[in-house]
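In what follows, a single structure is set out as structure tokens and then discussed.
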Amino acid sequence: MPLIDESARGFYVIPATPFTDDGAMDWTSTDRLMDFYLDCGCDGITILGMMGEAQKLSQEESAGFVARVLKRVGTRTPVVVGVTSAGFSLMGDLARHSMDLGAAGVMVAGVGALRTDDQIHGYFESVVKELGPEIPVVLQDFPQVNNVYLSPNLVNQLFADFVTLRVLKHEEMPGLRKISKVRGAEASGTRKRRISILVGNGGQHLMQELARGADGAMTGFGFPEGLVEIIRRWFAGDKESAEDLYDAYLPVIRHENQIGLGLALRKETLRRRGAIASARARAPGPSLDADDHAELTHLLDRLERAKARLGIALPPLRMAGE
Amino acid sequence: MPLIDESARGFYVIPATPFTDDGAMDWTSTDRLMDFYLDCGCDGITILGMMGEAQKLSQEESAGFVARVLKRVGTRTPVVVGVTSAGFSLMGDLARHSMDLGAAGVMVAGVGALRTDDQIHGYFESVVKELGPEIPVVLQDFPQVNNVYLSPNLVNQLFADFVTLRVLKHEEMPGLRKISKVRGAEASGTRKRRISILVGNGGQHLMQELARGADGAMTGFGFPEGLVEIIRRWFAGDKESAEDLYDAYLPVIRHENQIGLGLALRKETLRRRGAIASARARAPGPSLDADDHAELTHLLDRLERAKARLGIALPPLRMAGE
Amino acid sequence: MPLIDESARGFYVIPATPFTDDGAMDWTSTDRLMDFYLDCGCDGITILGMMGEAQKLSQEESAGFVARVLKRVGTRTPVVVGVTSAGFSLMGDLARHSMDLGAAGVMVAGVGALRTDDQIHGYFESVVKELGPEIPVVLQDFPQVNNVYLSPNLVNQLFADFVTLRVLKHEEMPGLRKISKVRGAEASGTRKRRISILVGNGGQHLMQELARGADGAMTGFGFPEGLVEIIRRWFAGDKESAEDLYDAYLPVIRHENQIGLGLALRKETLRRRGAIASARARAPGPSLDADDHAELTHLLDRLERAKARLGIALPPLRMAGE
Amino acid sequence: MPLIDESARGFYVIPATPFTDDGAMDWTSTDRLMDFYLDCGCDGITILGMMGEAQKLSQEESAGFVARVLKRVGTRTPVVVGVTSAGFSLMGDLARHSMDLGAAGVMVAGVGALRTDDQIHGYFESVVKELGPEIPVVLQDFPQVNNVYLSPNLVNQLFADFVTLRVLKHEEMPGLRKISKVRGAEASGTRKRRISILVGNGGQHLMQELARGADGAMTGFGFPEGLVEIIRRWFAGDKESAEDLYDAYLPVIRHENQIGLGLALRKETLRRRGAIASARARAPGPSLDADDHAELTHLLDRLERAKARLGIALPPLRMAGE
């Protein structure tokens, strides 16, 4: 399997981790979910992100999940593994295990009180050293959650200094100018090397982000085939039709982006679509009540009508009943 | 002028405070902006909110702005004044000044390290005591900015205990269940008194919020006539058409909700529409660069086309060139 | 071994987790450190706290450390195990493992975005349910680190509602009044049941905390025999001599309480005293430079002189060279 | 009056702002307090800091307080004025007013969401521009309160780039290495210009800070004559006697450093010493209950005995009864 690099483009989905109703790992749904993502046309899969409830898995479960996913996906699409940990040796162990089994790279976010540019630079210097020269790294920039803020200049410095950093998972909000400045550093020659920029946050500002130089998105979403198609149309030059399609999905994109509850909404959407058997999140975690279910149903019905109005030829992926 | 009370409904706009290009108070634009909001059909106006750059005005300027707005608006629509301050005596002074000139009420948010239910309850007890029995209060619940979290139970307790609290300006995100629980306390009799719930955050989840019992919105937005119309249709029972209209505005609603930059985007939209002369924000504050301008233009063009597709009969409010 | 309960009193030390210079678990030092703490007269030992770098151990290492400590300590003093985890099932697994091997109880802190009284109450309700009716719990109240603030009323409510909660590890700062209010709830009958209150933060306000009703301290400190003796004198009624001794230790207590660096200072102090072989902390973690070493040496020299002035009969525990 | 510059050394006290029991400005106590500080031998006075409840004064009261203090103090010692504000024009107005009346300089901290080195640099660039080339600036570095973190390298860059920055008020905790690195940049030639470093936080680590290159302290404290004497002894080369004296004060220094309550403790200490008439803080603000009073009395009694043991020749400043 080729490794992830600066040419990464398109839609990398961040999967939920499927559990059974009693909270055990659901290996059957794991396989089914991967097939679903591949059917959706995803350009890559990034497991064990925050959306994947990684911090509630035992280390044995994490290692097993990596193995199961890599076996199922094989060489069909690149798989990136989130390995962020409070300890560098734990991070390194999971990273090496994943690469040995065929992962395309790993994703790391800052952990702990990293406030200043120097602290953040020192942190990623140690990360890169721990991971060694062979493992390509997606740098996850997610200040809303980890309170680690990377300025555009610092991003450029990090990618100039550490060659194993290949992809920026960009999630600062607001963050549109950051994309312009990070991409602009290549045009101006401030940074010699191209990097890939994939955006998160459910793609809430995706069209603006693409216009400013993003290469796509890496995020959870209940309708991956939508983001796949939007990004494909964009890069095919069909920008207005891409944005029309985007606007059809926007009410759901925005609805899913409720921190905390979003996990439950996405798992339920995947369950309704037949991709996983149970929407259960591990405790402590969110679940949906009757109002939440009705609200979701209403929005998904409207999405179907909006897609119909646009005459979208997307394959009608199965939608299970509530 | 009648005071604000638990029957408050519809769209209360939170104005920008207009400055000239050199940062002085722009009294002419102040008048023009109020006329614009009234032309848009706003059901109320809430000045000196965070959107109004209140904290960058001198106390003399604030008092003058209150006087100017109240004189211009007269009895045409209720005017609420944001009076949140680090000191209760300063808060009280501005509140009494405003009520003397004809304000319909005041708005107060928590300030300082208010962490526990007891601390928050004690704070609003003191606020209500300082303001006295005559001044109706909008309680602003804005944890993303002030880090003061009010549980639904605490909201119910506050409104049960302090009769001058009349309106909840609801801005927690995610916060949909909170509306259900706060409104539900009336049906269940847990709280005897009805309260008004007006949502903020630009109305990013407005349709869900209305469905759960909100009475409308109190927020800044560059197209107040849109939110006015959406809320009117909703309460007229025309819910699907309200939501169709909402979805047309959603790309702009979402775009404006970029914390920090949003102020500049709204001021520029108001400037383009002829409502104010300058989009200048006071330092330290955001301004738009060429990319930001182009992005806004693109979204506003798409909004016009979306409205046209819906055959919207809204009066075509003037849009100045960039 | 008896379980920890509301009669817990004295000094419960929070150990460092000893590593070799290359970062592996140092089992020999683990034994030696436990002997050291027992020689110091500690009334209890709480392993795998934040001071113990628990989050940088693998689950296998944690389980092994629990087993090693419990085997070495035996029935000589109660051992409490920190089991806080992002997932309740992981927490439960470590708790059951520990109790099976003879632990006296477990310690749990809030994890995640727990803002309101209701959220915190719901969290500990789930914790207590997961742990079952047999495992006594130390509730760790450490808002400086986890941003979870418990009001005195909420603490009283939690201990009234959940009988397996036995000890409050109190670390809010400032927090003196909180002790008065939590303890006062027993005198007033607001809470029927006595609880134990043990303070953390290195004992920076220990004399005031004891005067307000604390039963002792549960914290890391390089000179456990000092806190043991101070607390014994206090409860023996020899309060002024206790405070004289406390003031002698205060410069070091205060010096150790530098968040982050404190871990390195404590490990180095334990190393100099011969209790562990290496002061190494796992990455990412602090280490001391030459200035830090000289500063520590200076303070420890002054401590020895201050103890000599007081004619302290404490056994001169071994102090290795730098 | 000479302006403050890089030679600033010794103890700059941060006064409380005296109010009457009903919360009005107490001009008589203002004069008395300034006389008290001058009697204590303070090397400078920094008014309208956070300790001075500046944010609860009206702009008219602030301007009046500046005028009153400058008139009373005259040329006897330099007076620095805290001018931090959410708006740069408000900051500039107070700064120019203060300098016109004879202030020695102004103090400014970061306000708002300043996360990255670039954001902080841009902020102070604008501050310095607004204040112009004539007004010397104390840069207040207080991340515990404003969440603005300045790395040593950034401090060095700021002082290299902006010549009107003269003094670093250093309050990061832990922050000992920061002093070494900032001072070390002068020895290594990284920064050409010497700067003054005065530490805050009540001087909780003062002896270590002086050893690492601090020029003194700028902080509130109820016994300014103590910090004056400690710093004088240190710079006279009498370092051990300085530290002996410091250790005598440490229990009170540490007790005062309870964020929030510390203001009430300091005002009460000043009241007992006859320096101000009322310990009242403006609402919302802390006040002492009976336990707090007794605790303070106990600590101040012990301080007197500790001073007596050291045979301290400090003039016995008047201590009023409770």
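In this document, chain identifiers A, B, C and D correspond to the written order of the chains, with residue numbering beginning at 1 in each.
One rule holds for everything that comes next: a residue touches a chain if its C-beta (ideal position, glycine included) is under 8 Å from a C-beta of that chain, and two chains touch if they have at least 3 such contacts.
Since the structure is predicted, the reported quantities are computational estimates derived from the model, not experimental observations.
J.: Touching both chain C and chain D: give me those chains, sorted by label.
T.: Chains that touch both chain C and chain D, as defined above, are A, B.
J.: Of the pairs A-B, A-D or B-C, which one shares over half of its contact pairs with C-D?
T.: A-B
J.: Among the chains here, which has the CA centroid at the largest distance from chain A's centroid?
T.: D
J.: Rounded to the nearest 5 degrees, what angle rotates chain B onto chain C on CA?
T.: Rotating chain B by 180 degrees superposes it on chain C.
J.: Examine where the copies chain A and chain D touch and state whether the two sides share over half of their residue numbers (same) or under half (different).
T.: same
J.: Between chain A and chain D, what distance separates the C-alpha centroids? Give it in angstrom.
T.: Using C-alpha averages as centres, the distance is 48 Å.
J.: Hey, how far is the Cα centre of chain A from the one of chain C, in Å?
T.: Computed value for the inter-centroid distance: 39 Å.
J.: Could you list the positions in chain D whose residues touch two or more of the other chains?
T.: Residues 260 of chain D each touch two or more of the other chains.
J.: Show which residues of chain C lie in contact with chain D when the two form their complex.
T.: 173-174, 176-177, 180, 204-205, 208, 211-212, 243, 247, 250-251, 254-255, 258-262, 289, 291-292, 295, 302, 306
J.: Give the list of chain B residues in touch with chain C in this complex.
T.: Chain B reaches chain C through residues 115-119, 143, 149-154.
J.: Once bound in the complex, which stretches of chain C touch chain A?
T.: Residues 23, 53, 55-60, 86-90, 93, 111-113, 123, 126, 130, 260, 282-284.
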